[in-house]
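Pasting a structure here, questions to come.
Chain nomenclature is as follows: A, B, C, D, E and F, assigned in order of appearance, with residue numbering initiated at 1 for each chain independently.
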Amino acid sequence: MWRQNNRTYNQLRKVKISYNLFGYAPGNVLFEMGNTKVLCSVMMQKGVPFFLKGSKTGWLTAEYALLPAATTIRTQREATLLKRNGRSVEISRLIGRSLRSIVQLDNIGEKTILVDCDVLQADGGTRTACLTGAYLALEVAEQYWLERDIIPESIIKDALAAISVGVIDNQVYLDLDYSEDNRAGADFNFVLTSSGKLIEVQGSAEKTALSWEIFEQLRQLACKGIVKLLHYSKRLAKDNNQEKGQLFSLQRRGIE
Amino acid sequence: MWRQNNRTYNQLRKVKISYNLFGYAPGNVLFEMGNTKVLCSVMMQKGVPFFLKGSKTGWLTAEYALLPAATTIRTQREATLLKRNGRSVEISRLIGRSLRSIVQLDNIGEKTILVDCDVLQADGGTRTACLTGAYLALEVAEQYWLERDIIPESIIKDALAAISVGVIDNQVYLDLDYSEDNRAGADFNFVLTSSGKLIEVQGSAEKTALSWEIFEQLRQLACKGIVKLLHYSKRLAKDNNQEKGQLFSLQRRGIE
Amino acid sequence: MWRQNNRTYNQLRKVKISYNLFGYAPGNVLFEMGNTKVLCSVMMQKGVPFFLKGSKTGWLTAEYALLPAATTIRTQREATLLKRNGRSVEISRLIGRSLRSIVQLDNIGEKTILVDCDVLQADGGTRTACLTGAYLALEVAEQYWLERDIIPESIIKDALAAISVGVIDNQVYLDLDYSEDNRAGADFNFVLTSSGKLIEVQGSAEKTALSWEIFEQLRQLACKGIVKLLHYSKRLAKDNNQEKGQLFSLQRRGIE
Amino acid sequence: MWRQNNRTYNQLRKVKISYNLFGYAPGNVLFEMGNTKVLCSVMMQKGVPFFLKGSKTGWLTAEYALLPAATTIRTQREATLLKRNGRSVEISRLIGRSLRSIVQLDNIGEKTILVDCDVLQADGGTRTACLTGAYLALEVAEQYWLERDIIPESIIKDALAAISVGVIDNQVYLDLDYSEDNRAGADFNFVLTSSGKLIEVQGSAEKTALSWEIFEQLRQLACKGIVKLLHYSKRLAKDNNQEKGQLFSLQRRGIE
Amino acid sequence: MWRQNNRTYNQLRKVKISYNLFGYAPGNVLFEMGNTKVLCSVMMQKGVPFFLKGSKTGWLTAEYALLPAATTIRTQREATLLKRNGRSVEISRLIGRSLRSIVQLDNIGEKTILVDCDVLQADGGTRTACLTGAYLALEVAEQYWLERDIIPESIIKDALAAISVGVIDNQVYLDLDYSEDNRAGADFNFVLTSSGKLIEVQGSAEKTALSWEIFEQLRQLACKGIVKLLHYSKRLAKDNNQEKGQLFSLQRRGIE
Amino acid sequence: MWRQNNRTYNQLRKVKISYNLFGYAPGNVLFEMGNTKVLCSVMMQKGVPFFLKGSKTGWLTAEYALLPAATTIRTQREATLLKRNGRSVEISRLIGRSLRSIVQLDNIGEKTILVDCDVLQADGGTRTACLTGAYLALEVAEQYWLERDIIPESIIKDALAAISVGVIDNQVYLDLDYSEDNRAGADFNFVLTSSGKLIEVQGSAEKTALSWEIFEQLRQLACKGIVKLLHYSKRLAKDNNQEKGQLFSLQRRGIE
């Protein structure tokens, strides 16, 4: 299969990470993978959901939404419809659940970390881009909170990144764009830690059921892809001194 | 770990399948796994969602809900809150997506198959119980439609069943009940076909990230569990003559 | 007029009462009258509506809903529509109001008794079936609360049952099923105590206005029907020892 | 019991009927009973609910609401809460159902008669005042439609009026005001035709169950009250020439 | 241009002010300008919005709605649609904002003044009629609160009135009715104090952009119109002794 | 008063205009004024609102929303609350109304132009920034539609820009930022055409009523500010060749 920009089956799309471009969140990342562009913000607020009241632990929750013009056919706003979009609800829950598994919220008191992921442009893989971008924004926010003694100690237990893989005509592919995703018979999202351990896997063989051999190929492809992604993210996070408005980005033709 | 009813780590809970007990759906199954009891109904209606209008193909959609008294702490009705429950939305989408992957809707015209899964009693594994129960109700409904020439030919391409597996204290377990699920550090749901192929896998390591060795143990446990589940379902489906009100059930102490 | 199962005009449909089959409510009854099958659950929660805050008295409220497949043409879920169904709201209010008139909530503190009535199969008379079933579930719940000192003394002041009556072609009929209800020019619901006193009457002559002579016939028919209904319910309540999962039922061909 | 303005137990409150004071409905009545003041409008629109599409018959529907300042404690707007008020839903349904029973909509084509009842001031008996007022507005609207050939023939089959009755300290009373209603142990609403036939009865013994003897007293009291009410309404309707802005009213100290 | 009732371009429509006709608000005004009739009520409640909690100051908020029959084509209720109407939201905010600018709420404690404006009949200029009517109702309410020591001192800093002006065929007009408003290329609403100072101006040139010369003409026309309006309102307020049910009104053929 | 970056009272904040950075709209502009950053997209869809069905003319509508992290205190999503935000509704209507006054939609058929304005960062003047940005995006979209014969001829009748002005301590100021807006006693928004004519003015003196002399100063300040803004916008529009992803921006220290 021919891929845009001559990507090989195991190549990531061009990654770009820009810090603190928009808004007032302690942590904000504009994360781009090819033409998929997502804006991730991390803030903290007093209060926890009712099931944690009195527990003295914190909580983390996430919200995912598409801007109307992020898709070629305009996406109607949930607010206008006064109706939640099922897909957005599902992805919001995935992002919150995955991030909660790598943070330690016992010592921050009854506060809630709010993760907002808004898709500015969608070209496949928005949920994994949001997860990776949200993690990076969380890192920046954590440093902000530590420097101001808003939290007593680091809350991030492990680094996280996410990637999609899929099967088109019996061949596995890494990091599908929208047109590839449309042709894929199966589409899996992997969320892994920096040590390669599994946080979440979610996927379905929408057209035909999948053999476990193919699943194993997908798994290995995802694992290797995430290692690369984390590698670049880390390098960036190290360089980044997070001054408001300053922009750090890694642009490559395509990361093999 | 001690399990209720002395179940071993790889034993299913007691399965009971009752056909056409309640309501007017062409296919209706009361599916019980231990104390988890779900009512699955399958009906067909004219019309398809807007994105299929004019396509002459059909659609399948599913809705999942808990009755208020299905949980020890009463679950508020979504209708009373005028707000969809995020978890229910996510599970509804999983059920619809999985069932769509095993049905062929090209020849039924612009009709929608509606799958309703209502949890009468929840003791862990409600989403997998609903998936298995909904599949069985779909089989009954298909026979009903075929006998009355409502559909021209069989629409079910493959049998499906689903099961949950989890990790507690580094040990893998099949078919978690609610108290086990609460203690589990990781919880995965597998949806497989009768030939053991993968339709959907969805799971997360909520407490600590999981090694791939443990994931492989979970995968094997799930595969074996689903083979047993499908075996019993098939036997029942064969015996079942689907007369309204008649009850077929398989009760065992625990299916090893 | 010919009635199904050769019922005479003053015969009830077959009654079946099953205790504690589904869910975790202290009181749960699956109440069946012919093909009408309703599941009634009674739970208690801390808190009262705002207009009782500080009053130290309790409250009782009820919710009525149809499962989608309970009707031959599928009923859309209120949660999906994000809109309350007017008929369900009206019936919920009737059930709550009637039950409140026979309970004494002064001594239970600021707690709310929640009555959930879910129609699993609708064949006419669902609101009266829910009222009768909910009363029976309340009896079971009361015993549960008394045994565990959750309430200091009995709260039920009087027994209650409800029945529908109607007029078809100038002839009165007891306990209409759906097809009879459809043909009826007038349809009344009576809620009475065990001593035959009136709790609520609600009915309308939808096709032509009714003479008071016919109303009197309807009234007498309803009173006699309720006496029978209460008689059977009582007998069952006496036998019932309410162990979880145990099933007590009375099945007759038709109770004259 | 002492009643305001020295009313006897079987006296109506002061009635006032003003035609076409507000708005553009073909029929509009400001109906006052004592301090209860309701504004009833009747309009007609093209279209019928989905269940009548293609039937070539018309439909009638009603909506009831309280203005915020109509009660001594301000009533929150349903629009602000984005939530229907259960009581308003119930009363809206009652008004629609009762009026439908006295109109013949077969020959008006697929049109809907919309009845709007807005309570400007509430002092008990708002639902019966709305019913009586809405009927009077319907009469005016019918004349308007007949004069303009909007309907081919009269659609009103029978005159209708409604009144509330109640029991306070074992004594029956006609036409309760708010303070009386609050003290009443039972409260019944009767909707009757001009010939004294029953259209709807709806009531509950909220405090203690009622004997049938008392019910009979209530019934007779209501019947006589409605005869008086219809008598005055008719006299007014005869005089009324329905010019926009003109006001016809009947004011008495209390109609014995 | 010919105006109804031979009004000149700078003439107000007939004004009528009736006090305390409907409901239980401390201040209630039925304000009529020609055929536009609005009912304005002012009440006070404990509590303030979250952003004022703990501030010990009060708040004022307003709600605007149309009764369904207030327009020639029936206006659907927001409650039925479960959706706020954008125009109503905008006007509610305008009324609240303007009134807040002339009241001093520092000394009333954490209470909220609720202003309800319900349009009974709409013939253009409903928002300005509501503003003027609401101000008059506020004056009555203030007197009521002062007499009962509900507020320690006067809270109204300045008198307020509002009027609409517009441009039709390059000619400016005062106080447009609905048919004039429909033909107007530009439509401005002015809210002024008794000393002629500006509280709010809001307007748009919907058809063609407006020169500043025309705007100046509109401004002067509005200023003069408001002076007249305030003059009459004041005269009425002085006479008014606010007894419940008593009616004070000023009726003229047209106020030049 | 001291202004940030030593701005004089009549200086605009730094303006930056970036074309087609995000999403798939034919016209997209990231418009920045100082720290206020808004993303404006213009798309076209088939269909018009019900009141234009059959008219063969088009329509234009706008939606305004804040991203949660656009404000220092997180703004809750309307979708999460299932409730429209009153301020957003008001601003959406302003943007739609103003843009409609400068477009000619008679010849585009029954299509709707959708204008989406999403605030990425709010520092005062978001509504005027959205109006100016939306106009620029409309220009780009028009060119796109003309080149592809989607519209037969130009639809923009006149150029438009908007600016806020305010009064702080009796001194007028152009283009208020958030901290200035907070201190301002009066705040007006002017929407003008390139020829300096008035499209919309909207403003209120929230603290004390304003003399007409001050209003005149504000008006002149706004007019001059808008001339500058339009000058820069035009220069940019001329240079812009609208290739996807290409960025044109004008950055200055502050435009005097």
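Assume a contact is a pair of C-beta atoms (placed from the backbone, for glycine too) under 8 Å apart; a residue touches a chain by one contact, two chains touch by 3 or more.
The structure presented is a predicted model; accordingly, all values stated were derived computationally and were not measured.
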Trace the shortest chain of touching neighbours from chain A to chain D and give its length in steps. 3
Treat touching chains as neighbours and tell me the shortest step distance from chain A to chain F. 1
Max Cα-centre separation from chain F goes to chain C
Looking at C-alpha means, what's the farthest chain from chain D? A
Looking at chain C with chain D, do both copies bring the same residues to the contact (over half shared) or different ones? same
Gap in Å, rounded to a whole number, between the CA centres of chain F and chain B: 51
Chain B and chain C have mean C-alpha positions lying a whole-number Å distance apart equal to 32
Using CA atom averages as chain centres, what separation in Å is found between chain E and chain F? 29
Going by the contact rule already set, what residues in chain F reach two or more other chains? 82-84
If each protein chain is taken as a node and each touching pair as an edge, is the resulting graph a line, ring, star, complete or other? ring
Can you list the chain D residues touching chain C in their complex? 84, 86-87, 89-90, 92-93, 97-98, 100-102, 158, 188, 191-193, 195-212, 215, 219
Over in the complex, which chain D residues touch chain E? Could you list them? 22-25, 28, 37, 39, 41, 43, 45, 63, 65, 67-72, 74, 77-80, 82-85, 88, 114, 116, 118, 120-121
